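Following are the structures in question.
Each of the next two complexes has subunit A plus one more chain, namely subunit B in the first and subunit C in the second.
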Partner chain A sequence: MRGYAGKYLRVGLSSKTVSEERLEEGMAADYIGGLGFGARTLLDMVPKGVDPLSSENVLAWWTGPFAGTIVPTGSKFGVFALSPLTRIFGFGICSGGFGNELKSAGWDGAVITGRSEKPVYLFIDDGSAVLMDASGLWGKTTWDTEELIREELGDGAVRVAAIGPAGEKLGNLANITTDRNRQVGRSGMGAVAGSKNLKAVAVRGTRDVEVANLDELTKMALDLNERCQGPKTEKYRVYGTPANILVHNRLGCLPSYNFQRGTFEKAEEVSGERMLKTHVKKILACTGCPVACDHVNEVKEGPYAGTVASVDYESLAQLGPLCGVSDLSAVTKAVEVCDKLGVDTISAGVTIAWAMECYEKGLLSKDDTDGLDLRFGNGDAVVEAARRMSLKEGKLGSFLSEGVRKASEKLGRGSAKFAIHCKGMEWAAYSMRSLQTSTVGFCTSIRGADYLRSGSYQVDVAGKVDRLKLDGSRGKIVSDGENQYSIIDSLILCKFTRGVYSSMDEVAKLYTLATGIEMTGPQLLKAGERIYNAAKCFNVRFGMTRKDDYPPPRAFEETMADEVVKGTKITREEFDEALDGYYESRGWNKDGIPTKAKLIELGLTKEAEEVGA
Partner chain B sequence: MALSEQRTRRIIVCDTDKCNGCQICEFICSVVKEKTTNHKKSRIRAVRIEPFFNIAVACRKCEKPTCERACPRDAIHVQADGSIKIDKDNCNGCGWCIESCEFGALRLHLDGKVAFTCDFCTEFEEPQCVKYCPKGALKYTTIDQAARESVKDVLMDLIEVRES
Partner chain C sequence: MPEGVVVEFTGPFREITGRRSTSVDIGSAITLGVLISRLSALYGEEFWRRIVDDEGTGYRADSTMIAVNQRVVNPSGALSQPVKPGDRVVFALSVAGGG
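For the complex of A and B:
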């Protein structure tokens, strides 16, 4: 097999065993890599009733066929497990140099099961893999862990993906970090690693990655590199994703004050334009990326002087305007705290913003917050709350560490009405009511409220549809987006390059040049549909139905007051119409369950039997 | 008095403001020189010092190369343009040249266990890493010219600040 390594590691932490498994070519062509392999692994290995933090959960690491090759942004990887946060399909896709290194070591991925008695880290050294003692690393931050492992192994080029204290303490929002600034974010993969006593995975790869047609692949890659300097990626290169702040603010879809509003009166102060002038010290790139979007901030003065963190739109929006905070230095500090301690910034921001609303409404007292003054706009309190929730410190810290759904269930008193999540996943920085196609996509997403599964906000922001209304036609927009994004997440490519490809056929050609497996654009999209359905089947196994595909009550019950979108809310009738349209375009029944016929058409025969309607 | 030879030699100069650690130079080099993708066989190395500093390093064409003097087997020969040619038959991979190079510009090859370094792609018009660096961070130029351009960059920034 070319492009692919053709094999993956099986690691049993309980039995302390490591073995080599073959990657079948049929699996490669049907499921492509990354997300597809992750969906297949979870379906095959995680039966109904498994506790996400028990030894029965798996933690699967997968690259795609482009990792380690010259294909721009191809060196990404994903980590997959039953999520402790959402209790459904969980994963995060990540960049940096780790995926490139893993493939160069000769592996497509590693499927880790069981639970180690003592803290360990897995060291993959080309063909060998060993479990190393990590007792001395327990309690260390993600950044320190990377350095300490490189020191121990005596090789500064080893790539490390590690959890921080939040993962060790099994916080639902814990992530996995590599190259300091890149995260396997969302859905608590860090907690799953922590529950297995797995502190990190370290890799050294020195092998050639063979592709089917090196000359043609290189030619295409170089052409794509050039296109990546053009207008389609300009936003990412110049201001990075924080360019969205002012765009969204103008449209009334920049969530602020825990999604009560869609504009922020101090948006200018936290804009990408401002940040570039006052805080960005350097723009970095991931391995093999010609775009370079990673805007790394340095705080030069004030109480947070010396803070260093990579700040993207989502982190900035959720720890900034969503919490009413306009101090870029405090936001940078909050991101640094989350990154080092190993907590997802989006989920942290949404959970803190919810707590702030509770505090202002008198549902949380100063006693409940251990004295922290959780008023909207208090940047110092956001930094401190982020730290405490990462470490599960005190009453407030452990209360918030489980994420907004659990916290609001515990608190009760009507606070669930403004706990902004879907399926337990905290909502990303896209307003629910003033970007309604986006909201449909957030609700149908297999990972819970998620902008990265369909990109359905794009038609809203670009004005291609009436974003303040819904109808049945939105369903197909969402499902088409999901199929496309499933392919991007399986190959795995960076979504920031999605605009530089002329068509899915071009992507398919790249796939064939790398792997030697014949592929067309329509075949890739079919695989995307298969992959999305596979992940959906996993969620159905864990009890998901139509009732779980709705936004929180705030979306339906409160109208927006912001001038530009005044009076907007989502009506249940319209949302139901959009959902019906979505299920119909998917070939699922009205309860949101894939039909047997659809699953059989996609080759998911086992799943048709198990969950098909 | 004529300029020292080293000052007229073109080397690969890296603009550390523009270099972002993408390693595309390493990918290009391994494809061009090794006909495979393996960034660890690259003749140029991207180095990141956390959190901000990035640079790509290749052979500096030293006037009195320590690598040549360090070699106990007469395997290293300096070419007319200042680049280093390594005689694979004489090299036994002892690594003294690698130790002696202050820039870490030589490495031990993963397959043959012989030392290797940048040959500046003399079969092309310019080194291919320079040609394909997506940010234009690499230049094939003399150090004097690089200095002149740095000064120009600073002045352009100044003018921009004044005008705004």
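For the complex of A and C:
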């Protein structure tokens, strides 16, 4: 078996043991890598009833078959665990150079169990792995931790993925950071690492990754490299995703003021175009990536002078317009605070925006906010709230650190109606009511409200459907997108290159050239369906049914007032029709449970017995 | 009665034209293709090349988004879509997301 390292690490933190496990070829062909391996690992190792922050939870790190090879953007990796935020399948896919390094060290991944008595970090040095004392690193930011570990190991090229204080304090929104600007975001993987007293994983890999057909793979990769620098990725390379701000604003689908509106009157001030002129200092690329999308801001003057942070559309929108903030320097500072302390920017923005609405409605007092003036538009307050929630500092910080679902449950008083999440995951920066196919995809996502599981917003913003209405046909659009994205996340490729490939057959050919495992486009898509169903089975194990696949009440109960989409809301009848269409296209029953027949067809026989309808 | 079309530009279209918006006098309805031709006459061949596909029948939806009155134009047959006096047309980068 090529492309894969053929083995992975098993690390027992309670027993302080490290061992080597073989990766079976059947596992590779059926589950591909990344997301697929993560789904299989959690199904096999995390039984019903486990507390996400207990030693029984697993923290699995997986690469894909292209990591460490010449295939462009193949350097990504994923981290998987039962999520403390959503209490279902949790994970984050991350860019940077860590994935390449891990594979080059000779490992497809590492499955970490138990809980260390003291803070440790795992150092993987080619074929060996050892747990190192991290007592001196506890309390350090993600950025400092990277530097300190490199200093300790005397090697500036070691790749480090670390948690910040937010993860140590078990905040539900905590993430894992590598290369400073790249995060294993969403769903609280940083808190799971923190619960295990695992501060970081450091890796040094110096070996070549063997592929099945080097000449042909190189030829194809170089061609893809060329295409990656063509017009299909220009938007990422030149403008970066913040260019979405003005486009979404024109279409009435830029969430502002905690999703009350779909336009922002000061959108020009936080636009990607403006940011490029006033704040972008440099544009970086991940290891092995010809696209180079990472737009790094620097604040040159004012109270936040000296701030440096990578600001993408999601972070900008959720810490900016969603909180009514139009000050690019304050948004950049808020992102820097989140990144250094180790908190997810999307979730942070949504949770703060909800608190701002509570404050303006009189549901939170100045006493509740420890004196912070949480009115919409106060950029300084957003920066400070982000800091406090990351550190669980004071009443407000502790309250917000649990995420919007739990915070609204604690506050009560009707605030859950405008806590914008699905399954506990804070909603990303796509309007619920004016991008309705996207909303179906957010709700069926295995990770909770998530634009990255199906990309179904694309049919809305490309004008291929009426984005202000729903019908049964949207279900298949969403499930097809989920199957494709499951493959991208298993291989693991960057979604920014999805337009570069001519077909799934071309992706399959690349897979075969790298691994030697024969694969066709349809077989790859079938694997995508298997992987999505596997993750769904895990969620069913943890109690998910149809009732969990709905957007928050604001989507149904409040019409939009923005001129461009005036009067728009989602009707329950249409949403139910779309959901029915989705379940039907998936071969699941009306309650959203995979049928035994479908699971058996996909080779998920154990799961058919356990959860199949 | 309005006689012009308001055209807004973002991203690269703002750079090519050097402006955020403009008004184009049309008197009566024209096709989107004609509107793009007229704008290309003002702002140069690059404006046309960035938008219209090699066949000259649709627009490059992988890099461009066109909306008429906030409704995104379906790329297929886009150039024959009518544009009326009083319409607002947006030329923007297609929406990007998901790393």
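Here is the rule we use: the second predicted complex is superposed on the first by the 613 of 613 C-alpha atoms of A that agree within 3 Å, B and C clash if a C-alpha of one lies under 4 Å from a C-alpha of the other, contacts with A are read in each partner's own complex, and residues count from 1 in each chain.
By our rule, contacts are C-beta pairs under 8 Å (C-beta built on N, C-alpha and C of every residue); 3 or more make two chains touch, one makes a residue touch a chain.
Since the structure is predicted, the reported quantities are computational estimates derived from the model, not experimental observations.
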For the three-chain model obtained by superposing on subunit A, do subunit B and subunit C clash or fit?
-> fit
In the overlay, answer first, second, both or neither for which of subunit B and subunit C A:540 touches.
-> neither
Using the superposed model, measure off the angle between the directions from the CA centre of subunit A to subunit B and to subunit C, in steps of 10°.
-> 80
Which partner does A:244 contact after superposing on A: first (subunit B), second (subunit C), both, neither?
-> second
Of the partners subunit B and subunit C, which touch A:343 in the superposed model: first, second, both, neither?
-> neither
Once the structures are superposed on A, label A:495 by its partner contacts, choosing first (subunit B), second (subunit C), both or neither.
-> second
Classify the contacts of A:206 with the two partner chains as first (subunit B alone), second (subunit C alone), both, or neither.
-> first
Taking the superposition as given, does A:229 touch the first partner, subunit B, the second, subunit C, both, or neither?
-> first
Could you grab the smallest C-alpha gap between subunit B and subunit C in the overlay, to the nearest Å?
-> 8
Residues on subunit A touched by both subunit B and subunit C none
Flag every residue of subunit A that touches subunit B in the complex, lowest number first.
-> 68-70, 72, 97, 100, 104, 157, 180, 205-211, 214, 218, 222, 225-226, 228-229, 281-290, 292, 294, 296, 298, 308
Mind listing the subunit B positions that touch subunit A in their complex?
-> 20-24, 27-28, 31, 34-41, 50-52, 54, 110, 132, 134-135
Enumerate the contact residues on subunit C facing subunit A in the complex.
-> 8, 10-12, 14, 60-63, 65, 67, 70-75, 90, 92-99
Give every residue of subunit A touching subunit C within the complex, in rising order.
-> 95, 231-232, 234-236, 238-239, 241, 243-244, 246-248, 250-252, 271-273, 293, 312-314, 451-452, 455, 457-458, 460-464, 467, 494-496, 498-499, 564-565
